[in-house]
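Listed after this line are the structures, all set down as structure tokens.
What follows is subunit A paired twice: with subunit B in the first complex and subunit C in the second.
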Partner chain A sequence: MIDTIKQKISGLLSDASVKGVVALKTANGHVTPCVFQKEDDLDMLSLGDMQASGDTRYPLNKVLITIARQYPDDVFGVLVRGCDERGLYTLYRLNQLDPDKVVPIGFCCPEELAKACECKKPYPDDPVAGEKTKEIFQNRMEEIEGMDISKRFSFWMDQFSKCIKCYGCRNICSMCFCRECSLECEDLVSKGSLPVDIPVFHLTRAMHMADRCIDCGLCEEACPSDIPLRVLYKKTSRIMNAEFGFTSGIEKQEKSPLSMLGPAPDN
Partner chain B sequence: MDYRNTLTTCTYCGCGCNLFLESLDGRLTGTIPCKTGPVNEGKLCIKGWNVHQFVQSGKRLTKPLLRKNRKLEEVSWDEALDFIASRLKHIKAADGPDAVGFFASAKVTNEENYLMQKFARAAIGTNNVDHCARL
Partner chain C sequence: MLDFCGIEKERMRARWVSSAEAPEFVEEINQFINVLKKLGPSPLSMN
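This part shows the complex of A and B:
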């Protein structure tokens, strides 16, 4: 798989159709987000599988936003899994990236990783490498949904109370690009004090992610307190789907119902 | 275009979390926790997440300052170190080694702190060693 991807990147760099390719490399024994600009460097390419499949994924779309803001006229390639591609679609929709300036280099996740993520689309639309595997059933969410309401409430309050207010969930998220963040608005979240305001902090973020979260799971992996954040955002995303038939990042051109004015759509 | 992620260790405390300092064209743009760092496994506290910010802070002291005629003035490292050495010698000779105290830092490595206390005890001859986290 990695050789096919190397060839693809090599081709893009050699005919100068991109200025660089945002991807991962292995250096000093660690996987690192990077930009490839020379074909010679490609022997360091990594897909983000160190000990286990997908265990060293990084927010490559976030890296791309940082670069694109500085180099808006240049075209860049970016390595994408299914989740990253959903991220790209969402960032196009929110005008953070220009689809004409991005060349996605997609590959499919193996079933093992798709299961661990309970991923609803473990492949990009047009993969360069890998076999498309099936959508996975959302077990973790069903489990929590199955609790009665008071148990569920105390489950979440217990989880939220572990928060150390590191803002890692926001910082790691490629869909969190706002220059001013509600989680730093003093009317919602008190500044400079701990413990964090619960459940306001986490629910504010969950509300804001309702039409943005593409379920990559990077927030949960970055959370030092092991709060099941991904399940929380899967829930808000499920509500969006039930109410409006919308799932963030699945359709390339689809507008979010939350950004439309006027009467609710029929479904 | 020069985009880099430089692997380094957080300077804020002694835990030793691994992180990447993200830079674009020579300016720091962010911090990314290192997932393969054995100490922090891709997680950071709020200080670590913002560690890139102080490096480029305009408030940062980048040159030694020496108070002359009640005013702080920029001086060379040589002048600053000569001044420190001569004052330390003078104080030790006049009032004994215990007239000097040493404050180590949470923002340097274990090894640098070791060196500091070694200097205090072996070169100056005092056990007056403390740490900024107790201030």
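This part shows the complex of A and C:
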């Protein structure tokens, strides 16, 4: 798979259709994000596979946003898995990236990885390499919905109170691109004290994820306290889907119902 | 979302009332007070 991707990137770089390609490289035994600009460097290309497939993940879209803001006129390629592509579509929709300036290089995740990630679409629409595997259904949300209300309350409060307010969930999230963040607004979240304001901190983030979260799971992977954040955002996404038939990142051109005035669109 | 986190969803209410509709506003608030009295203190206040 990696050779097919190398060829693709090599082609893009040699005919200068992109200025660079945002991907991963292995250097000194570590996997790290890298902008490839020379074909010779492609020996170091990595898909984020250390011990197992896709066990080392980075929000490459977030790296791309940073670069695109500095070089708005240049075209960049970016390595995308299914989750990253959902992120790209959402970032196009939110005007953070210009689809004409981005060349996605997509590849499918193998079944074992799709299972480990509980991925709802483990493949991009137009993959360069790999075979499309079927989506995985996750039922953690139903487990919590099945509890009675007081149990649910104590479950979440126990989880939230583990928070060390490291902002890891926000910092890793490609959808968190705002220059000013509500979670740093002192009227909502008090500064310099622990435990964090619960449930305000986590529910504020959950509300902001409503039409954005693409369910990539990076927040939950990043959380040092193992708070099941993804389940929380799944719930907001589920509400968006039930009320408006909208799922973030699945359709390239789709607008968010939260950005429209008037009756709900029929999608 | 509140319900999902174990907080009764009746504790939150959003209504549109014009500034010219004082009686409606009073009625709404009184109703809401009754609802909240029945529910008792918020689980959050006991933490």
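Here is the rule we go by: the second predicted complex is superposed on the first by the 263 of 267 C-alpha atoms of A that agree within 3 Å, B and C clash if a C-alpha of one lies under 4 Å from a C-alpha of the other, contacts with A are read in each partner's own complex, and residues count from 1 in each chain.
Keep this in mind: contacts are C-beta pairs under 8 Å (C-beta built on N, C-alpha and C of every residue); 3 or more make two chains touch, one makes a residue touch a chain.
The structure presented is a predicted model; accordingly, all values stated were derived computationally and were not measured.
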Contacts for A:Gln7 in the overlay, against subunit B (first) and subunit C (second): which applies, first, second, both or neither? neither
A:Pro199 in the overlay: touching subunit B, subunit C, both, or neither? Say first, second, both or neither. second
Pick one for A:Pro224: touches subunit B only (first), subunit C only (second), both, or neither. first
Could you tell me if A:Asn171 is touching subunit B, subunit C, both of them or neither one (first, second, both, neither)? first
Mind working out whether A:Val31 is in touch with subunit B, subunit C, both or neither, as first, second, both or neither? first
Which partner, once the models are overlaid, touches more of subunit A's residues, subunit C or subunit B? B
What is the contact status of A:Trp156 with respect to subunit B (first) and subunit C (second): first, second, both, or neither? second
Once the two structures are superposed, pull the subunit A residues common to the subunit B and subunit C interfaces. none
Under the touch definition given earlier, write down the residues of subunit A that touch subunit B in their complex. 19-20, 27-35, 37, 50, 55-56, 58-59, 63, 66-67, 70-71, 74, 164-168, 171-172, 221-224
Could you list, by residue number, the parts of subunit B that touch subunit A in their complex? 1, 3-5, 7, 18, 20, 22, 24-25, 29-37, 40, 42-46, 48-49
Which residues, counting only subunit A, touch subunit C once they are in their complex? 144-145, 147, 149-157, 198-199, 203, 206-207, 232, 235-236, 239
The answer for subunit C against subunit A in the complex is residues 1-8, 43-44, 47
